[in-house]
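Heads up, the next two complexes both have subunit A, just with different partners, subunit B and then subunit C.
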Partner chain A sequence: MRHDFIDRYSRIESPVHQLSTGFKVSAAIILILCTILLPIHSYGYFILISICLIGVSIISRIPAKYLLSRLIILEPFVLGVSILSLFQPKGEIIFVTILVKSSICLYTIILLTNTTPFSKILDWLKVIHIPSLFVTILALMYRYIFVLIDDAERMERARASRSFSTNKRQIWKIRAMMIGQIFIRSIERADRIYSAMRARGWK
Partner chain B sequence: MHIPDGFLDTKTIVATSILSVSALGISLHRLKKQILPHQIPLVGLAAAFVFVAQMLNFPVIGGTSGHIIGSVLAAVLLGPNAAILIMTTVLVVQCFLFADGGVLSLGANILNMGIIGTLVGYSIYRSLARLIPTDRGRLVAIAFASWCSTVLASIFCAGELVWSGIASWQIAFPAMANIHMLIGIGEALITTIVFTAILKTKPEFLHQSFTVNLSLTSREIIIYGAIVIMGLLIFVSPFISELPDGLETVAHQIGFDRNAVGQPLFPSPLADYQLPGMSIPAVATIFVGFIGAVIVFGGSFLLARFLIPNKK
Partner chain C sequence: MSSAIEVKNLQYEYHDGTKALRGISFNIAEGECVGVIGPNGAGKSTLLLHLNGILPAASKVDQSVKVMGQEITNESRGIIHQMVGLLFQNPDDQLFCPTVFEDVAFGPQQFGKSPEDINQIVFDALEHVGLAGYEHRSPHHLSGGEKQRVCLAGVLACKPKVLVLDEPTKDLDPRGKRELKSLLQSIPSTKIIASHDLELIVELCPRTIVLDKGELIADGFTVDLLRNGELMLTHGLEIPHCLRHLHPHN
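Take a look at the complex of A and B:
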């Protein structure tokens, strides 16, 4: 089963994809930092940066529809939090500021994820001397998320084919049992992974 | 509860990042010393497990659904040091792959859910489980600890938003705390059922030797405790002191405070924004919180009784 729906376009060929990972990550972080630090009155900057981001996404050959749909999926979270700011003096200005800034930051990250494979970001983390234990665990986690999702889907299918109707209470119990089951399976898998790692000369 | 980019200002970003990085540094340092080689894939898989557990949705009222955070679950199953690392990796991957939670607010998100939620939840679990040293007692402890950790994490989240000046304490605190008191019940329920499922099928996975450094050393308790207290002092305490005391509230209601003469010694910058009676929701929330805690504590006993019935 394929689960690369998250960073589906991170492995295609384009001038943006060929740039070095360090450059892309640092550029994204600097851009986000500037966006957060600038006051709202600098409309020029926000327009300029939006044009730049759109330019980069055109060069990267990622379908605009896909990028936009990712942005729209994530926008409700931003809206939900920013509504809190409406209930105070001058709340409308703060609301708009947050909305513009957050959307620019979100789009930057979406663009970064879809132009850089996660394994390359992990390599870069090693280069900048992030503790190796942390990077190892991050790598293991990223590798096995998809395996565990497969596991969970298989369990869900098995459950659906055996029970005809379920009410909410049963779904809660079944889902929670599933989480327990996934934990047990992943722990057992960890043992096998360790043996396999040792057999290939790890450590 | 994931804070996106653009919500926090510079001072909040710096403060939360310093606190998170120091806590993460300690947990990594201690883990490196205590972890056995075969436990490294275990921690990686546990992180993937928490990630997948967060993806499973539970239907709530109407068409809405929610998921668990899992910080107490991770801490109880694998020990607090490992749990901090696990929650951090989960949040990092969510941030970079799903754009869920901002890059610069990563420090704040790690602090709320990965560090405060884990450490406070774990210490509540430990002390309660020691009081009632049975399997049922562990379930009570887990249920109550999960609820507390969710509510506390949401209060920290509110504190950070207020500190950044995007919402007022009187709005953000009741909104976040009240909602998460309900969400916390779900978290407690799911965590407890998950734990029971493991307890019934593979109890050896809950054994002391299996976890990575379960009991904290006194030095760790001091350092972690200092981080939690620093967080409380920075993000939560300034606002608690903003609340009017009982007499002031009564004075507001009766109206005799208008008769009070003389200029205030230090003119408050927020004086103009304070509407009469605005602070009452926050006071009410604290009150509801206490009652909620008592009810959840009682409910945990019933839940534990239901999940592990008396054998006769």
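Take a look at the complex of A and C:
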């Protein structure tokens, strides 16, 4: 199964992958903060940062096609909100700025997660004293994304093997029920994981 | 011999009113290896959760289970968790850390061991289950058998006095089963194994407890109980092949 769909390239070798985790994460956070806080007309900065990011991507040896496809998958979530800005005076400029800013931020995160294994990021968060409960939640989330995807894939396969209708409406109706199923299963699984944690001394 | 686990009239009801256990009593001596068998929904897993103090929930104090002579109270729960190592049915529920090292280290960390001790404990535990060098792998890249063994390493790292295993051979291929069997035989602590794998029970456990619908049906020598065709069939079980015929099987 596609166990590496989030961070497929995080374990390859390149100069960027060899940089220290602390450096990469802090650089990413500073970059994102600057991008968010700078005013709309800082075109020079946006262009400069974009060139830097493209440079880093080339050095990191991650295929450009992969990085762009990740960006396209994530972008709609941001655009859905920013489209509202089109309905105000001078909305076009705001819309374009949000588009540019969000692309830079998302691209930074995509680069970070694909050049640094997630467990190293978590280790670093522990080192800088992020509350351990928060780090634990992040770790659990990362661990179980894959289990949930496997679950969903198996369910979808089972559905496909037993449904003979080609009626799109019908298929989506079943999918909607499956989403509910996955939700219930996740809650039950969460219970069992919590038991397993307690069984080994978690308080 | 002093008893490792003492269960006296244990009852348990789920939130929805389903009676999972209806007054179960038994004693397990230190060093014994006991099998727990019964059909699906007999209450095996529920019983095992009680032995480690996960059930009943924190609000209720139960006097029906004693581990190493100690009652399970909210204060003693921590010690009970350490004394009784519980291996869950589904390895994915138990492997909740991003790397194998962190998962095996989880228990010792909770019990307040120093980082140097933890390194040694994790190394020893992984060595014991035959997975030395797996420290930095992530659990989702492991095979079923490897996952199961990492789970066992995580339990062994807590240095439990009693080992409680829920369906340890489920999802294992024959080689995985064979390896797990010899691994379990190499562990001298008290063991309680719930399984549908009756051949495993015959090989590992001299004594067996039969559960059905939350009741204790029989408690005795494994070979005697599992040879009793009527008992086996009434409770959704069957005589394992290795006890059917008298010709040698190995």
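Here is the rule we go by: the second predicted complex is superposed on the first by the 159 of 203 C-alpha atoms of A that agree within 3 Å, B and C clash if a C-alpha of one lies under 4 Å from a C-alpha of the other, contacts with A are read in each partner's own complex, and residues count from 1 in each chain.
Just so it is clear, contacts are C-beta pairs under 8 Å (C-beta built on N, C-alpha and C of every residue); 3 or more make two chains touch, one makes a residue touch a chain.
None of these values were measured; they are calculated from a predicted model.
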item: Chain touching more of subunit A, residue-wise (subunit B, subunit C); value: B
item: First (subunit B), second (subunit C), both or neither touched by A:L122; value: second
item: Partner chain in contact with A:M141 - subunit B first, subunit C second, else both or neither; value: first
item: Which of subunit B and subunit C A:M197 touches, first, second, both or neither; value: both
item: Partner chain(s) touched by A:L33 [first = subunit B, second = subunit C, both, neither]; value: first
item: Which superposed partner A:F23 touches (first subunit B, second subunit C, both, neither); value: neither
item: Partner chain in contact with A:I171 - subunit B first, subunit C second, else both or neither; value: first
item: Interface residues of subunit A shared between complexes with subunit B and subunit C; value: 118, 139-140, 142-144, 147, 189, 193, 197, 203
item: Touching residues (chain side subunit A, partner subunit C) in the complex; value: 3, 118-119, 122, 139-140, 142-144, 146-147, 189, 192-193, 195-203
item: Of subunit C, residues touching subunit A in the complex; value: 49, 52, 54, 78, 81-82, 85-86, 88, 90, 92-99, 102, 106-107, 110-111, 138-141, 154-155, 158
item: Interfacial residue positions of subunit B with respect to subunit A in the complex; value: 2-10, 13, 28, 31-32, 35, 37-38, 40-49, 51-53, 55-59, 68, 77, 85-86, 88-90, 92-93, 95-100, 102-104, 161, 165-168, 171-172, 175, 189-190, 193-198, 201-202, 205, 273
item: Partner subunit B, residues of subunit A touching it in the complex; value: 6-7, 28-29, 32-33, 35-37, 70, 74, 77-78, 81-82, 84-85, 87-89, 94, 97-98, 100-102, 104-106, 109-110, 112-113, 118, 121, 131, 133-134, 136-145, 147-149, 152, 168, 171-173, 175-184, 186-187, 189-191, 193-194, 197, 203
